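Here come two complexes built around subunit A, the first alongside subunit B, the second alongside subunit C.
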Partner chain A sequence: MKVELQRKRLISFRSCVPFLSGGFAFVVVAIILSLAGVNPIMAYGVMLKGAFGSLHGIADTLVKTTSLLLLGLAVAVAFKCKVWNLGTEGQLYIGALGATLIGISIIGSIPILGIIAMLAAGFVFGGCFALIPAALKVKFGISEIIVTVLLNFVVLLFIAYLLHGPLKDPTTVFNPYSPVIFSESQLPIILPHTRLHAGIIIAALAIIAVYVLLSKTKIGFEIRSVGANIKAARYAGMNVTKSIFVIMGISGGIAGITGAVLVSGVQHLLIEGISPGYGFIAVIIALLGRNNPFGVAIAAFFFAALMSGSEVMYRMLGIPSSLAITLQALVLIFVLIGEIFARLQIHKTENAMKNW
Partner chain B sequence: MTIKDISKTFFAKLAKFQKNTKTSVRDPDSLNVNVRNYAKNKDNGPIVFMKGITCRFGNLIANQNITFDLKKGEIHALLGENGAGKTTLTSLLYGLYQPESGEIYVKGQHAVIRSPSDAINLGIAMVHQHFLLTLAHSVTENIIVGLKSTKGIFLNLDKAEEKILQISKKYGLKIDPKSTVGNLSVGEQQRVEIIKGLYRDVDILILDEPTGMLTPMEEKALFEALRSMVNQGLSIIFITHKLREVMEVSNRITVLRGGNVVGIVKTSETSEDELARMMVGRTVSVNQISQGSISKTTPPTVLEIKNVSALGNSNVLFLKDIRLDLRKGEILGIAGVDGNGQNELAEVIAGLRKVKYGEISMDGRSIANLSPRQIRELGLSYVPEDCLHTGLILEYSIIENLVLDRWYTKPYSNKLFLNKTEMMKFADKIIADFEIKIIELNAPVSSMSGGNLQKIVLGRELSRDSKVLIVHNPTRGLDIGATEYIHKQLIKQKENGVGVLLLSLDLDEILTVSDRIGVIYEGKIIKIVEKQNTDIDQIGLLMGGKAIKT
Partner chain C sequence: MVDLVFTVSIIASGIRLSTPVIFAALGETIVERSGVVNLGIEGMMLMGAFGGFIGTFFTGSIFVGLLFAISGPIMMAILMAFLSVNLRTNQLVAGLAIWLLGTGLTALLYRLIFGVATISPKINEISPIGLPILSQIPVIGSILFSYDPIVYLAFLLVPLVHIFLFKTNLGLKIRTVGENPRQADASGVNVYRIRYLALIIGGALAGLGGSCFTLVSTGSFLENITAGQGWIALAMVIFGRWKPFYAVIGALIFGMVDSFQIGLQSIGTAIPTQFLLMLPYILPIIIMAGTYKRSYAPAALAVPYRRGER
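Let's look at the complex of A and B:
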C-alpha cells in the first residue's frame, strides 16, 4: 500500500513535469534577456499583455490555439499507434487545397453546406494523402518518419506551382494567391471586431472526438493496442496493417481539417505561407501534451500565447522573435529531460512493487 | 530409477507430510556456533565464510542476516525458489553488490570484495545464469580476454590454448579452444565459462543455475566434471531450485527462503520432501497426477500437422517437415533444448508465422496461413512463451488484458463502441475463477507479480471455448505452488476434451503431465512416443540429437 501511494505520487509528479520544464525555460531565457540588456520582467510583462491584455490579443491567441491544437491532435493520434506523422504540415496544405477547391466552386456558395463540404474536403484530401506513407510503411517497410518529412517539401513546391499557375487568381497579376472563397463558406466570427472565428469550436469538438475514438470505440482499442505492444496485438489477433492505415488516415484528415479551417476562417483564400510552420510546432505540442487530447489542448494554448506574445514583444521592445523560438526549443529540451527522469523514477518504483 | 518413480514416491511422501505439520528445520544459529568455532582454526576452517549478511534493493530485503559457509573440497548447494536471494548472496561474494551489513572471510582472511576482479584475485569465479561470452570470437579469445598478460601488443594464443587443453583434460571439460563460441551448444558454452574461471587459477567456483538449459546428457557430464573438480581440491557453490539435482550432486545444502536461511543440512541426511518443505515453507499438496488412461479406441485428431516447413527469424528454413497429430483430450508434451524450433512451431500453428510448405488442419479444417484471428476463432488457445511481452500489454489494466482476444465480439462491444460494463463483469469472473490477486482493477498490470500475470494470460486463454491449447513453458520462473496450480489447469482442460500441446524445456514437467511425448531437435520432431514406453535416458538422447538404436 505504501508503494501504491508512492506510485500515485510519482504519477502526479509526472504530470507536473511539463510545467516545471516550462518554468525552467523561462528562467533561462530571462538570463539571456538580461545579458542582452533587457529587463526580463518587463519583457515577460509585455509578452503577457500582448497575449492576454486585450480583446485582440486574446482573440489572436485563440486563433493560433485552434490551428496548433488541431495539428497537435493529428500528431498525437498517430503516435497512439506508434506511427510518427511528421508530415502534418504537408497534409495541412493538401487539406487547404481541397477546401479551397470547394470554397471557390459552386458548392461554396451554399450557406452552411459550403463550410461542411470544405471541412469534409480538407479531411478527405489530408487523410488520403497521408495514406501514401502508410502504404509505403506497410508494404515495403519504409520508415514513415522519412517519408512524411520529405513529402512536406513535395507539397510546398506543388502548392507553389498551383498558386503561380492553374490556381492563381486571374484578377491579380503579381500575387500568387488563389481566388477568394465564397463568403457563404467562410467560418463566422464569434467575437465581434476580432479575428476569432468558429474554428475554435471545431477544435473543441475534435478533442472530444479523438478522446471518444481512442478510449471508447472498437477501432480505438485496436489502435491503442498496436501502439502499446505490436507483438501482443498480433498475437491476440488484431490487424496491425488496418490499424496503421486507419490511424494515418485520421491523422492526415485532422491535419487536412486544420488547413480547411485556416482557409475558411482566417485567409479566405489559399496562399503559400498559410501555415507558418505549425506542423513542426505540432510535434512539440504532442510531446508536451503526452499524446493526451486534453494535454495537447493545454500545450497548444501555451504555445499560441507564446507566439502571439512574442510578436507583441518584438513590436514593442524590438526583441527579435527568434527569442520566442529559443524559448520553445528550451521548453522542449527541458521537457524531454524531465520526461526521461520521471520515467526512470516510475520504472524504479514499479520494480520495487513487483518484489513486494 | 526414472524421474517418474522419483516423483511418485515424492508425492506419496508429501501426502504423509501433510498430516505432519511440525517442521523439523534445523536451527541455522546453532550451526553458526560450529562455524564460528572452526573459523578460528584456519586450516580446517571454511574456505568461504559469510556472516550476518544483509542486502537490500530499495525496500526489498533480498538477504537478511545470512550466514553461509563453504568447506574446502565440497559441493555446497544453495537451494531456494525464484527470488529467494540465491543469486544476490553469491553476487555479494563475487563483488557485484556490496552487503549492507555482515562480513565475508575468504581462506580465513577478512575480505572486502569490491569488484569481480577482487573476487578473482581471492580465487573466486562465478558462472552466471546467462553467459557473458562474445559469440564471434574463439574459445581461447573469450577465455583470455581481460587478463593482464593479454594487455601487451601480441597475444600468445598458442600458450593459452595449451593451458586450456590442460584444464580441459584435468577436469574432463571437453572443449576445442579454436572453435568459435557462436557455433557451440549451450553446454559447451557453459564449459567455456567454467574454464574461463579455472584459467585464472581460482579454487572457488560459483555456478548459478547451471543446468537450466542443458540436456540430461550434458547435465550428467557437468556433474561428473564438478565431482572431479572437488576431488582435486576445488570448492563449489551450486545454485539451483531443483530438488533432484541437489540430491544428486551436492554434499551439503543451504536452503534459502524469502532472503533468510531456513536450514543447513547434509545431503546424506535429508530427503527431497524435507527440502521441498523447507523451500516452500509449507507442505506442498500435489494431487496424484492422473495417468493418461489408455482407451482402446484412439480419440479423434484435433490438430494435424502434415510436412510443415517454415522459415526461422533469419529467413532460412528452420522448421523442417514437421509431422504431428494431436488428439482430443490428450496432453502431448514436446521436449527439447531451447531454440530448437519450439517457438517457431507454436507460431506457425497460431498463424503468426507463415507456413512455407505443408498443411495444418484443426478439427478437419485447413488453417495454414489463415490470420491469427481466424485461427483463434476456429478454436485455438495459445499461452505464449514470453507471456509478459507477447501475451499481455503491460500498460493496460487487467480488464483490457483479459478481453484482448475478444473485445470485438458480442457482449464486449457493439458495432462501434466497447462495452466496459460487460468487460468488467467478465474480468470479475476470471479474477475469481483463477484466484488472481489484484491491487486495483484499473491499474496497469505492469505492477503485478509474475505469477499473477501468468494467471491473466491463462485465465483468458483457458476461458476460450477452444479445441486446441498450445502452452509454451507455462511454469518457467514460477514457484512450486503456482506450478502445481497450472498443471492442474492443464489436466482439467484435457479432461474437458481439449487437445493440449505442451512445449516445455522442463523435462520433469513434460514427464509429469503428458500422455505422449515428442522431441523436437533442430526444427524437426524426431520422435513421438507413448509415455508408458519411455524413460528419461531415451528422451535425453533424442534431445541431444542422438538417434537411438533399437
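Let's look at the complex of A and C:
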C-alpha cells in the first residue's frame, strides 16, 4: 500500500519533469546573461511582460502558437510512425507557395472558397513534397533524417529564385515579395486591433483531427502499429510502405497548411523569411509534447510565449532573440535528463515492490 | 591557357571547400564505428567556427583559436555522450538537441559579445603555404599546390584515421563496440569509455572542420555559417560506407561540385544562381540513393548499450 502510494507520487513527479527542466534551462541562460553583464531578472521580466503584458503581446503569442502548434503536430504524427520528418520548414514554404498561387489567382477573389482553396493547396503542395523523402526511404532505404534536412536548403533557394524572378510582384523594384493575395482570401482578424487571426481555430481543429486520425481510425491504428513494432506490423499483414507514404503525406500536408495559414493570416504575401525557423522548434515541441496532440499544444503555447517575449526583449534591451532557441534546446536537454531520472526512480520502486 | 587556369583553380578551390566536410566526416566515421549516431555534428561545427573566431579575435593567435575551436565541441560531445551512453536516451533525439543548442548558443553568444554591429569584426585568416617544388611549377603550381596548413592537416588525417580504425588495437576496440558491444564487454573492453572517446574525437574533428569557415575562408563569423555542411558530412559517412577513404571521396565530390557552381556563377550563365546553389545540397541525396546498402553500417549503430542486460 505504502509502495503503491510512493509509485503514484513518482509518476506525478514524472509529469512535473518538463516544468522542473524548464526551470533549470532558465537558470542556465540566466547565468550566461549575467556573465554578459545583463540583469537576468530584468530580462525575464521584460520577456514575460512582452508575451502576456498587453493585448497585443497576447495576440502575438497566440499567432505564433498557431504556427508552432500546427508544425508540432506535423512532426508528431510522423514520429508516431517512427518517421523523422525534419523537413517541415521546407514543406511549410512549399505549402505557402501553393497557397500564394491560389490567393493571387482568380479563385482567391471568391469569399470563403478562396481561403478553403488556399488551405487545400497548402496541404496538397506540402504533402506531395514530403513524398520525396518517403519514396527515397522506401525505395533506396536511405534515412529520411538527412534527406529532409538537406531538402530544406533546396526549398529556401527555390523560393528565393521564385521571389527574385517569376513570382516577384511586378509593381516593386527592389523587394523580393510576391503580389498580395486577394483580401477575400485573407483569414479574418478575430480580436480587433491585433494581429490575432482565425488561424488559431484551424489549429484547434487540427488537434482534434490528428487525435481522431491516430486514435480512432484504421489507418491511425496501422500507423501506430508500424511505429511501435515494424516487424510485428509487417507480420500482421499491414502495408508498412503505405503507412510511411501516408504519414509523410499527412505530416507534410499539415506543414503545408501552416505555410498557407502564415500567408493567408499573417503576411498576405509570400516572402523569404515567412518562417523564422519554426520547423526546427517544432521538432523540440513534438518531443516535449510526447507526440500527444494535447501535449504538443501546451508545448507550442509555452514556446510561442518564449519567442514573442524574446522579440520584445530584443527591441527593448537589445538582447538577441536567438536566446529563445538556446532556451528551447536547453529545455529539451534537461527534459531528456529529467525523464531518465524519473524513470529510474519508478523502476527502483517497482523492483522494491517485487521483492517486497 | 585561360581555360587551364580556370579549370585548375576550380579544382584547387574544390579541395579547399571540401576540407570542413572531410574533417567532420572523418570524425563522424569514428563515432558511428563505435555504434553512436551523432546528429549534433552541425551544431558542433558551428561551435568550432565560433570558438576559432573568438579565440583568434581576442588573442591574435591562430593556435589559441584552434584550441578554442576544439574545446567547445568537445564539451558538447561529452554532453552527447552523457545523454546517449550513460542515460541511454534516444541518440537521434540527443543529437538533435545538441544541434539546436549549437545553433542557438553560437548566435546568442556572438551577439552578446559583439552586439549588433553593422560591420562584422574580422580576424586575419591563416595564410597559405606552398608545397615545396610542386608549387614552383609554372602557371598551375602556385594555384594547385598552395593551401592553408589546415587543408594539409585534413588530408594528412585521412590515412591516419584509416590506420587508427583498422590497424590499431584501439581502433579494433572501437569497431567491436560498434558491431557487438556485448562481446566487446565480455572480452574486457569498457564500452562506455570507448564510446566517450569516439565521441570526443568526433567532436574535436567537427570543431576543426567548423573552424575552417572562420579561420580559413572568411575571417568573420556569421549565424549558421556552416550552412548545413554537418548534415552533408553525415551523408558522406553513409556514402563512404563507414570507411575514411570513401567518405573523403564523397567530400571531394561535394567540394568540386560546390567550386564548380561558384565558378559558373562567376563567369555568368543563363541558369539562375539559386539553382546552382542547390547543387551541393542535392548531390549528397543523389549519391546516397545510388550507393546505399544497410549491410555496411555498424551492426549496433544507434543502439544504446546497458551492461548486464540481455
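The rule is simple: the second predicted complex is superposed on the first by the 327 of 356 C-alpha atoms of A that agree within 3 Å, B and C clash if a C-alpha of one lies under 4 Å from a C-alpha of the other, contacts with A are read in each partner's own complex, and residues count from 1 in each chain.
Rule of thumb we're sticking to: a contact is a pair of C-beta atoms (placed from the backbone, for glycine too) under 8 Å apart; a residue touches a chain by one contact, two chains touch by 3 or more.
Note that the structure is a prediction, hence the values are computed from the model and not measured.
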Subunit B versus subunit C as contact partner of A:A209, first or second or both or neither: neither
Which partner, subunit B or subunit C, touches more subunit A residues: C
First, second, both or neither for A:T217, with subunit B first and subunit C second: first
Contacts of A:I284 with subunit B and subunit C, given as first, second, both or neither: second
Which of subunit B and subunit C A:G237 touches, first, second, both or neither: first
Partner chain(s) touched by A:I298 [first = subunit B, second = subunit C, both, neither]: neither
First, second, both or neither for A:V154, with subunit B first and subunit C second: second
Touched partner set for A:L113, first subunit B, second subunit C, both or neither: neither
Partner chain in contact with A:L317 - subunit B first, subunit C second, else both or neither: neither
Touching partner for A:L191 - first (subunit B), second (subunit C), both, neither: neither
Doubly contacted subunit A residues - partners subunit C and subunit B: none
In the complex, subunit A residues that touch subunit B: 3-4, 7, 216-218, 221-222, 225, 228-229, 231-239, 348, 350-356
Footprint of subunit A on subunit C - complex, ascending: 39, 79, 83, 87-89, 92-94, 96-97, 100-101, 103-105, 107-109, 111-113, 115-116, 223, 227-228, 231-232, 234-235, 238, 272-275, 277-278, 281-282, 284-285, 288-289, 292-294
Residues of subunit B that touch subunit A when the two form their complex: 57-60, 83, 350, 352, 371-373, 376-377, 382, 384, 389-396, 400, 404-405, 407-408, 413, 416-418, 439-440, 446-450
Contacting residues of subunit A [partner subunit C, same complex]: 32-33, 36, 38, 84, 86, 136, 139-143, 145-147, 149-151, 153-154, 157-158, 160-161, 164-165, 280, 283-284, 287, 318-320, 322-330, 332-333, 336-337, 339-340
